[in-house]
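In what follows, chain A forms one complex with chain B and a second complex with chain C.
Up next is the complex of A and B:
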C-alpha cells in the first residue's frame, strides 16, 4: 500500500526522541502543502508526532500501521485561513450536502485517504489541470478542501476552463461534523498496485 | 555542568524519605496528566521534549537552581537529550534511567513487621503503579501474595533471605496488572493458589483457594489463613497472617474500597461487596493491620513507606465503610466510577493464561495509573 506523498523519512528502529528530531529536520525541506511520510517502529511516535505537529502548526493527517511499522502522514502548513478568498460563489458545507451535484475534494490523496465525505471525488489540487476531462462541465461542482483555500483556487481554475456551476464550499473539512469515510481495503489495494511516482527520500 | 543518571531505586528513596525534588517531565501533556511520579514534596513542570528541540533557554527561569532536578520521559532517550541541553546551559540535572517504563516496574521491598518466632512480613511497593505484593518469611520458607509480573524481584529477594518459596497466592484474578504468581510457582516448584470462582476460564492448573484454606510457613507455624470476601470479583479472598495482619486484596484499601465492575458484573457483585465490608470484616478484630493490594495516592504511604493501617481506624475513617444506606452504597460503587484501568479486559485474559503477550506488550497494557478503587 502506498499513499502518494512528496517525501519519505525512514525512522524505523529509532527510539524517542529521534523520530521527531528527524521529522522536524525533514519538514524544513518541504514547501507548504507538501506531504511527508514518516515510517517508525517506536510506538510512542504516534502521539508525539501528532502533538508536535499541532504545536508547530503543521497538519497531522493520520497514522497507519502495517506489520508493526507505523506510517505517519504530515502536511506542511502555514496558516491556511489567513489568505483572502477570491472566488465569489461560495456555499456552506451543510447546504452543499443537500444539493445534487459532485463533491470535488481537492486535498492531497493522504488527507482524502484518512477521511472524506462519502461519495466525494478526489482530485488533488496539483493534478486538477491534467484531470479536467474527468469532470462534467454541465454538472454542479462543489469544491471542498480542508479550510477553503485550495478549493478557492480550484474553483477559479475550473471557471477559467469553462465550468459554470462551480461553488467553493466553506469553511471546509475542518468543520465537517458528519460521517467520514476512510479508504476501504479494496481502495488501499488499488493504491498498492499503482506505479508509485518517484519520491524524494530524506536522510 | 554535568548530567547525572538516577535509577528508579534512587527516586523511590526520595519518595519514601519525603525529600524535595523538581521533576521536569518531557512527555506528552496527555501522558503526564494521566500518570506521573508522585512524591509528597515533588514539584513538576511538564514541557514535551519536542517543544525543546530548538533550545531550553525559554524554560531556564522555570527550573530551580537550588534543588535537585530530575528530567523524566517515557523511556529515557528524550530526557537524556533535554538533560544534556540543560547541562550545556550551565545546570546540573539528572535524568531517570529507563524512564517511566522502568519507574512503573520498580519494586521497593519494605519490612512491615516481625512475626511470631522470628518470621518477617515484607510489602513490595510498586510506587509507579500502586501495586502492593507481600512475602511472608519464616524459618527458611516463604509465601507470596499478589506477586506482580517482575518475578525476579521476588525470587532474588527470597535467595537473599535464604528462604524457599513454598506457597504463591493471588487474592483474585487481577484486572489492572499482570500477575507473576503462576510464573514464580512454576520456576520455584511452589504451589499456586487461585480462588476457583475467579478461575472458571483459566487454562492452567492451580490449587483452589477456598474459605478456610490455611498454610503454615516455617517450622514455627505462622498461619496464613484465607477468608472468602467477594465483591471486587466473585472469588476475592482475604488472608489473615499470624493473627495480626489482614491482607485485603482489592476489596478494601486505605482510603477507598474495591470497585465491583471490572469483570462486567457490578450490579451482581455489589451485594457481595456490601456483605464483605459491612458484615464479614466487622466480625474480625479491629486490631488487625490492613494490608491492601493497592494504594491510589502517595498520601496513603506511612512514614516508613509502607501502606498499612489498623482495621479499626479504617472503620472510623474510610468513607466506603461508612455509607449507612444500602441504596446509596449501591449507587456509589456502581455509578460515577472512575475510568477503567488501561487494557483491563486484555489483562484479565493474560491472567487467565489465554494470551501470552511479549514483555513490551505487557508493559504497554499496564501503562497508566491504577484504578481499582472507588473513593
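Up next is the complex of A and C:
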C-alpha cells in the first residue's frame, strides 16, 4: 500500500543508530507540514523513531509493517500550536459530533489513515482548492485537523468560496477521546492500486 | 531540561567504541549538544590507525559474524558520522603525554584538553555517561 507522502527515506538493512541519524538528516529537506516515510528493517526503529520525534518536536503519525519492513510516518512540525484564531465560527468537538452535517478532516492522508473519526471525509488542506466540488455548499461542514490551525485556514477558504455553514472544530484531534477508525482493508487495497505520485527520495 | 550529553570514553575495545558512538550519534541526531572526553585506552577510539582494528573482548570473537550480519556500521564510519553531527571530541592531554601521542595521531577536528575542559562542559549536562 502507499500512503501519500512528500519524501521517502530508505533505511532498510541499517542498524541502530543509523535509521535515526538518516531520519534527522532527511528531515532537514522538508518544510513544515510535510510528511516523511522512513522504511526500515531495524525492529528497534519503531520505538526509537517515536521517541526521537517526541524529543525533537515532530509529529510521529504511526508505523505500518509490510513484509517485515517497517514504514514510519512523521510529519514535520516545528510549531503546530494554534496561535491565532481567525475564523470565528467555532464549535466543540463533542457538539459537532452530535449534529448533522459533514466532518471534514483536513489533515494529511497519513494522519487520517492512522486514525480518524468514523464517517469523516478526508481532504488534506493542500488539496482543498482542487477538490471543492466534492463538497455540498448546502450541507453543514465541520472542519477538523490536529490542533485547529489548519482547519482554521480551511474554514476561511471554504467561506471565501461561498460556503456558509462552516464551523472550525476546536480543539482538534489531539483532544479526541472517542473511537478512532483506521483505514479498512478495502481502503488500503484502493491505496495500493493507485498510481503512486512521484515523490522525492532522500539519501 | 538539559540539552547536553557528556560522555567519558575510557576503554579501548570494539564493544566500548559502539557503546560510546551509538549513544553519541543518537543524542546528536536528537539535537543534543554532545562532547566525548577520550582518556586512557579510550583514546584508541579516535586513533587514526587504532580505530580500524579495535579488539573484541577475549572470548567474544565469535560475535564478529553477528556484527557483519546485523550490518552494523564500522567504527570509522560512526566516528565520521558523529563529527558530521557536531559531536565534540576532547582528547585527554595528560594521557597523550603519558603515551607519547600528538594530535597528528588522531582523526581531524579533535580538541585537546584536561579534566577541567570536560568538567566545564559536563557541569550542566544530563545525562553524563561513562564507558
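Here, the second predicted complex is superposed on the first by the 202 of 203 C-alpha atoms of A that agree within 3 Å, B and C clash if a C-alpha of one lies under 4 Å from a C-alpha of the other, contacts with A are read in each partner's own complex, and residues count from 1 in each chain.
As a working rule, contacts are C-beta pairs under 8 Å (C-beta built on N, C-alpha and C of every residue); 3 or more make two chains touch, one makes a residue touch a chain.
Given the structure is predicted, the values throughout are model-derived calculations rather than measurements.
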Room on chain A for both chain B and chain C (clash or fit): clash
First (chain B), second (chain C), both or neither touched by A:21: both
Chain B versus chain C as contact partner of A:13, first or second or both or neither: second
Which of chain B and chain C A:99 touches, first, second, both or neither: neither
Touching partner for A:55 - first (chain B), second (chain C), both, neither: both
Contacts of A:44 with chain B and chain C, given as first, second, both or neither: first
Touching both chain B and chain C, residues of chain A: 15-18, 20-21, 24, 48, 52, 55
Chain C residues touching chain A - in the complex, by the definition given at the top: 22, 25-26, 29-31, 70-73, 81, 85
Of all residues in chain B, those that touch chain A in their complex: 28-31, 48-51, 53, 73-75, 77-78, 81, 364
Interface residues, chain A side, partner chain C - complex: 13-18, 20-21, 23-24, 48, 52, 55-56
Complex interface listing, chain A residues touching chain B: 15-18, 20-21, 24, 43-44, 47-48, 51-52, 55
